[in-house]
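Shared between the two complexes below is chain A, which has chain B as its partner in the first and chain C in the second.
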Partner chain A sequence: MDGEILKVIICSGTACFVMGGSELLLLEDELPAAWRARVAVEAAPCLGSCKDRSCGRAPFAKVGDEGLAGATMPALLALIGRKLGETNGA
Partner chain B sequence: MHHNNNASLVKRELLIRMIRLELEGRLEAGIDRVPYEMTCEPGYQPVRGSVYHDRSILKSRMVARLGFSVEGYVDDGTSLAPLVCAAAERPAPEGPILTVLDEACNACVKSQFLVTDACQGCLARPCLMNCPKKAVRMVDDRALIDKELCVNCGICQNACPFRAIIKIPVPCEEACPVGAISKDEEGKERIDYDKCVFCGACMRECPFGAMMDRSQVLDLLRRRRGGAKLAALYAPAIAGQFRAPLGKLVAALKKAGFDAVYEVARGAEITAEKEAHELVERLERGEPFMTTSCCPAYVEAVKKHVPALAPRVSDTRTPMRYTAELAAAERPDCLRVFIGPCLAKRKEGLDDPLVDYVISAEELGALFVAMGIELGDEAEEAVEAPAGPGGRSFAWSGGVAAAVGARLPAGVPFKPVKVDGLNKEGMKTLRAWADGAHEGNLLEVMACQGGCVAGPSVIANPKVALMQLKKLAEAGGA
Partner chain C sequence: MSGPTFVELGHYQVRKRGQGADGDAFLSRKASDGRIISALSDGLGSGVKAGVLATLTASMAVKFVSEDIPIRRAAGIIMKTLPVCSERRISYATFTIVDIDSQDTVKVVEYDNPAYILIRERTQVEPIKGEIRVTRSGRGRPARGAVGREAIMRYSEFRARPGDRLVFFSDGVTQAGMGTRAHPLGWGAPAVQAYALSLVEDKPDISARELARRMVQEAEAVDAYAPKDDISCAVVYFRRPRRLLVMTGPSVDPARDAEMAAIFDRYEGRRLLCGGTTAAIVARELGRTVKIVLERVVRDVPPASVMEGADLVTEGIITLGKAAELLERGEAAVRAERGPAARAAELFLDSDHIDFVVGTKINEAHQDPSMPVELEIRRNIVKRVAATLRERYLKEVELRFM
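Then we have the complex of A and B:
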């Protein structure tokens, strides 16, 4: 639906930072202009995913209700794109 | 190379696993399983064709994490446990601080120009017409470069209208600002330590992670296990490596086993103060300019490659040294551990009797993860004797000159110039200044582009770290 804001949470816990997660905090610079008004980016303290092996590897992020493990900037952008598409289609 | 890359992550994972085993008291028993544990997940994709080869290379990488050189190490199938014991018995860390893993070294083809499929075999043939060595000929309607004749001048590449000619570089050799890396007879890279300035550029740029530093973190953990007390001396750049206020970083360091914590930015303030005095004195003596001296890779570069510039290098000691003096006076019971983003500091530490160990930002991060320390969860401690903003600004390019400038008496003409990154261009600037072509009266040199915040062993993205550091510097007192 238009007008709905997609929430993106970047884990900035210690394990995520050590595995390169700080990079993801630059997400806002990388977002395509058309997406900016529809996405809210937030840096969070440790989400706790690193303590649960079934969650996969650090660094972690969350896009809407979906978690992303081994997050990289391209993977994060791809997931946001998919979510925005879904949101539109719903 | 992009600082977020798999070679760095593999190194950090090795560190985390090694430290975890050590803290659990079962490093000797568990170390040989680490390469298996890192490669046994379902869906593991071998990097070098086979998982067995990957494991063998991970095992060799662990040798450097234990603090040893890997030249001469042969994986003969025996356990790494004896090396753990040897590391534990080592009285002090040793040099050289770098080591090359031949097995990982891709033996990249010697730097060369190559004609790709994009070649149209055109009529003009500017590549062939303009090659000064007549190394280009046409074979099957396509240009071909004779490797024996080619001198890598690049004229053909520039001349090709189809951009069909590419240069295949050797990344470590390209990155080295002083020509210290070259191939041996077998095509493997060798570091010439008479030339090396320990900037760490090769380590950062090798896509195969073959250029490795030798860790001192196990030495440190063993000393602590033996009852030694430790003082952490953390570099200004470290404050930008974790997303947490300084008080939480201090709390985390104490939890990680450091009995005292010193902000090296305090030593940086002393350096800035002394350099300001020194600059005034030198200008009064009629000297044309002075250069900073806090970057050890730069100082080494002057010593080995631009000796004519040596008289202009500030005699003031580094922030690490002054902080070590503070720590030695206040806490003589503690071993002094410098923690920074820099490789050259490890060399400086080996040469400085006041510094016992030097560990990297990566190693500190791995220590926190291995101990399950989450900085965000720590109770914020009051920072004793906080440094002022001038000291904290040593972490970025331009920050040292600014701190010196702020301490100059009114009326002293101040014309700072910076060399932001000691690449080949930066080396040219040094030579030009040594030859008299100087534009200012203070030359600030940082070997890493962007400053220490972009050092070879940082974990945080330099942009992200810089934002945090600048806020911190503004918030600093005095």
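Then we have the complex of A and C:
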């Protein structure tokens, strides 16, 4: 559905920040213009995923209800794209 | 922690015009039992020689008194040690020694400096002063004619109350402007006292540092900006302490989360939360939300957040490390920097008493060898910040590990 906003949360806890999360905080600037109105970028003090090994490795992000470990800008954008596609198709 | 107040010390001085060195000396020291001892000494004459004598006197005073030699006796020893000028038959250095214990009992010994000013509730109070007489005899006294001469020191003791200010200075202040048409006999003690009172009247929360500076600058002005003597002033301000709570790190025992949140909630003073997990715990326990502010992101430190009841919420290790670095570089570095670490450092600087509550749980993810930077253990960073605050900024710091 077009009206729905996809919430992206980037963890800015210590581990995530040093493992590359600091770059992810600039996601807003990297979003394609067409997506901007449909994506809300937020940060969290700590998502808590770094304390659970089964979650994978920092940096972590969350796109909608899906967690992303070892996040990089391309991986994050790809996931957002897929999510937007999914919501579109739904 | 010392008494009911925070003792702020301020000092300022200018040297006699044309001299390359200060002839007055001011020293202060915190003894191991929490007493704060300070001494202001004015060496005879000006320049290097006066400076050496004044420093010698002030060092002896501070050292003796902090080593528990009673202030009266210490003053006596100094009097007997100080040489007397062979020609002018006056002592080489005057002094004011102030000893403040942890219950704010103040003992002052004055020798030939102008009388101190005690300001309480915007008026001047004058404690009763006793005399201490020291006969300056003894072997090897170099001064001819000085043998058997008595030196009279004034001793007073009082219990400081919150808000009290003790102002003491060298005679460069009272004698400023001497010989000028406006002040033929110098600025004079009554005028100096009136000026000190007027500064406090105008600005009731004036800091010790500013009061000392303004006193000296006014004396300098009375001296037509060409000081004819060293001018120095020290101020002790018994301030109601500005308190800051710094909570950082989760406890090793999750059962203590509620206790941490309660400490945070009940704290009387400002509150700083350093650490994502810490903030999350406090927020969860108190039913509040933490929201990151993404507008002012700086590159090297994670962004700050806002939470009801907290003056500042930051990430932990990186921010504290950066704040420690800024504090070590000095106040100017803190003021020049932006971002959460600088804001945290400013909170530290604007507080007198800082309570750290430090959770000692170690985040294993931080110990991952593939981390591009080495993350310090929280406890060590906190100790580093605490040491800097204590030693460099004379803050009262308490650490509590959970």
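Going forward, the second predicted complex is superposed on the first by the 90 of 90 C-alpha atoms of A that agree within 3 Å, B and C clash if a C-alpha of one lies under 4 Å from a C-alpha of the other, contacts with A are read in each partner's own complex, and residues count from 1 in each chain.
Please note the rule applied: contacts are C-beta pairs under 8 Å (C-beta built on N, C-alpha and C of every residue); 3 or more make two chains touch, one makes a residue touch a chain.
Everything numeric in this text was worked out from a predicted model, so none of it was measured.
A.B. asks: For A:41, select first, second, both or neither according to whether it touches chain B, chain C, the two together, or no partner.
C.D. replies: Second partner only.
A.B. asks: Looking at A:5, would you say it contacts chain B, chain C, both, or neither? Reply first, second, both or neither.
C.D. replies: It touches nothing on chain B or chain C.
A.B. asks: Just chain B (first), just chain C (second), both, or neither: which does A:72 touch?
C.D. replies: In the superposition, A:72 touches chain B alone.
A.B. asks: Looking only at contacts as defined up top, I'd like to know whether chain B or chain C touches more of chain A.
C.D. replies: Comparing touch counts on chain A for chain B and chain C gives C.
A.B. asks: Return first, second, both or neither, reflecting whether A:17 touches chain B, chain C, both chains, or no partner chain.
C.D. replies: both
A.B. asks: Is there a shared patch on chain A that both chain B and chain C touch, and which residues make it up?
C.D. replies: Residues 12-15, 17-19, 22, 25-26, 43, 45-46, which sit in both footprints.
A.B. asks: Give the list of chain A residues in touch with chain B in this complex.
C.D. replies: Touch list, chain A to chain B: 12-15, 17-20, 22-23, 25-26, 43, 45-46, 72.
A.B. asks: Sort out for me which residues of chain B touch chain A in the complex.
C.D. replies: The contact residues of chain B facing chain A are 4, 8-9, 12, 16, 241-243, 362, 365-366, 368-369, 373-377, 459-461, 463-465.
A.B. asks: Touching residues of chain C toward chain A in the complex: what are they?
C.D. replies: Touching chain A: residues 275-277, 279-280, 290, 292, 294, 297, 299, 302-303, 305, 313, 315-318, 363-366, 368, 371-373, 375 of chain C.
A.B. asks: Across the complex, what residues on chain A touch chain C?
C.D. replies: Residue list for chain A touching chain C: 11-15, 17-19, 21-22, 25-26, 28, 41-46, 48, 50-51, 57-58.
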